[in-house]
Amino acid sequence: MNKARFEAFSDGVFAFAITLLVLGFVLPDLRGASNRTLTIALLHLWPNLLAYALSFGVIGIMWQNHHALFRLVARVDRTVVFLNLLLLGGTAFIPFATSTLGSYPASAPATFLYGLVLSYCSTAYNLMLAHLVRVRAFFPSVTPETIAATQRAYRVGWIAYVTAAALAMIVPVVSFAAYIAIAVYYLVPRGVDADLADDSTS
Amino acid sequence: MNKARFEAFSDGVFAFAITLLVLGFVLPDLRGASNRTLTIALLHLWPNLLAYALSFGVIGIMWQNHHALFRLVARVDRTVVFLNLLLLGGTAFIPFATSTLGSYPASAPATFLYGLVLSYCSTAYNLMLAHLVRVRAFFPSVTPETIAATQRAYRVGWIAYVTAAALAMIVPVVSFAAYIAIAVYYLVPRGVDADLADDSTS
Amino acid sequence: MNKARFEAFSDGVFAFAITLLVLGFVLPDLRGASNRTLTIALLHLWPNLLAYALSFGVIGIMWQNHHALFRLVARVDRTVVFLNLLLLGGTAFIPFATSTLGSYPASAPATFLYGLVLSYCSTAYNLMLAHLVRVRAFFPSVTPETIAATQRAYRVGWIAYVTAAALAMIVPVVSFAAYIAIAVYYLVPRGVDADLADDSTS
Amino acid sequence: MNKARFEAFSDGVFAFAITLLVLGFVLPDLRGASNRTLTIALLHLWPNLLAYALSFGVIGIMWQNHHALFRLVARVDRTVVFLNLLLLGGTAFIPFATSTLGSYPASAPATFLYGLVLSYCSTAYNLMLAHLVRVRAFFPSVTPETIAATQRAYRVGWIAYVTAAALAMIVPVVSFAAYIAIAVYYLVPRGVDADLADDSTS
């Protein structure tokens, strides 16, 4: 498997999934209704907007992590392709989880489903990283410290998502807020990402 | 962050968002109806067609501006990636704003929402440009005059969109016409774009 | 405007539009219905399947023509980008024209709309070619004979589409059959395409 | 036809079709319903999830096979482009077959439709391979053994899909299980794929 095509395919799925998020916005048929009714219907979409912004950040971060990770990787074997398909399957599911979250923002089922999908994606990332470490797929120039820092960052992310998902059962609104907090937190460079920031001209 | 992948991802979202605009066309179920009924239903979609053509132009221009801007840029840091995500989040929202505008073309809420989204995108562009200037991310060959011309063009665009959006509150039809006028105006090369026209063979 | 990015963006729209054609297949909610009812509902989609196959061919041909044309082109100016946007706007509209044709296959309005869109796209191609000839945008190695053959092929295509669209007013089924005949005909190499077949290894 | 663009276009359709699978998940409007009702509605989507995972694997495998095959191919002629369009037309149809399978998982019509589409795609692959062999389109370094192994693998796949599709008429659930078994089986490298695993760094 050619690494460039592997990345191009993954990028395609990330870009398509992020753009499909817009299908979470649906208006009832209001033809003939007053401006006031239409305005209220639009304003009632604010949880959908929040879920849209959240998922745009989440998929954006996943795409960045994917690049940051595979910049360090010299070769891609069939197991990586398989684990990557599992990851992309979760990513491509996010538009549905997002529209459900936007439609039922304070409900336990929708908040839990959303956390389940993110926990699943995070699990796939951790499995992929574990495999890459096991088969020594990294460029020789990648230091053990960088790999260890990446592993720590991935594990912390996994714990955060699983915890937020579990919270959904008890206090859905806190869980929703936690997803937003995690997304905001991850938009700040750390670990492998901070490392990349140094040579961002490449 | 690799600049080529950054551009490829952005291009993907632009191309995908522009193609999703077609989902703004929806016919009621007319199976068994007369040709006349179907013809009338199709003709009643003319505001959707107008909104479709407008947004096709708008996203096309945004895509061109994105290229014109990043042709001048030597490196992409995490802040640019973040601001770019904000921009793409606005772009990917345009299909919904377009279908709303097409369905309620003369209404204040739909016209205002459309202007709000374009103003938001323009704001993201201005913030991105300001950051690129601040961190001196441009190629050494880019003259201060080119940068200043680009900044002026971006500010004028921002003022135009915000003004048109504000008009939506009072005279929605004029606001709609203003969006079209701005799109037509921007399809003519100016500033950074005119500069590119000189070496269009590259 | 960089030619490679111009082509990549166009390819993206072609690939997305061709894949969106599948949204023309919609089943009514038949949960709990018998196998017989579901089978009949699926078989009733045969005009949609015909329209799907037709449009898949049409967009596939347009994509091939785009490549065949721009292989001859050395530089892309702003006018080409603009005319190309007009072309892509027609291409991205094809999924809607297709689902309308599939839902009302023997009706004059749906058949005419379909022909109108293809005539529009053919017009955009002819305008683009005329501009490329006017500004001498072709590689020096491209012979006047190749250009003349391409122009003839484009004009014939335009006449075919406009004639088939006009037929829709009188005998919609013949018009539908004509679209299929034109698509089948264009899948055989001619003019600029036959020229390319000689050096298909590149 | 340029081979790189041929592959990029195909990749775009594969990536887009795989992402469109998510549209198979549709919830009824449950606003105001209890958490229990929403949870039950989500759990009732399990056949859709199964069909989603199956088709994600199927399209993922088709994409891998496409790469594995065209890595061996030196040149792409018009016939290959045509046969590839037939293949992509089947691939882009998979989201509809998947949502039908997910909605009517134990029904003969939905299971048969799904098998029909996969058999069709497998037929297109076999025709494409037969043509590539006939015109000797492979790189000189590709051994007759590799080609023969690929042909055997493709024929076995075809027989498997046609058999599973035929089963749908009699025992739909067994047919569904067979699709899953085939997908799982093909995710393990064999023939041309195993060959590629040796030089996965390229």
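Things to note:
Every chain is named by a letter (A, B, C and D) in the order it is written, and numbering of its residues begins at 1.
Please note the rule applied: a contact is a pair of C-beta atoms (placed from the backbone, for glycine too) under 8 Å apart; a residue touches a chain by one contact, two chains touch by 3 or more.
Note that the coordinates shown come from a computational prediction; the quantities given were computed from them, not determined experimentally.
Counting the residue numbers that touch the partner chain, chain C and chain D have less than half of them in common.
Taking only C-alpha atoms, you rotate chain A by 90 degrees to land it on chain B; that is to the nearest 5.
Centre-to-centre separation between chain B and chain C, using Cα means, comes to 25 Å. If you average the CA atoms of chain B and of chain D, the two centres end up 36 Å from each other. With touch defined as above, residues shared between interfaces to two or more other chains in chain C number as follows: 8, 12, 16, 20, 23.
Under the touch rule stated earlier, the contacting chain pairs are A-B, A-D, B-C, C-D.
Of all residues in chain B, those touching chain C in their complex are 7-8, 11-12, 14-16, 18-23, 25, 27, 30-31, 35, 38-39, 42, 52-53, 56-57, 60, 63-64, 67, 71, 187, 189, 193, 196-197, 200-202.
Contact residues on chain D toward chain C in their complex (touch as defined above): 1-2, 5, 8-9, 12-13, 16-17, 20, 23, 74-78, 81-82, 85, 88-89, 92-93, 95-96, 100, 103-104, 107-110, 113.
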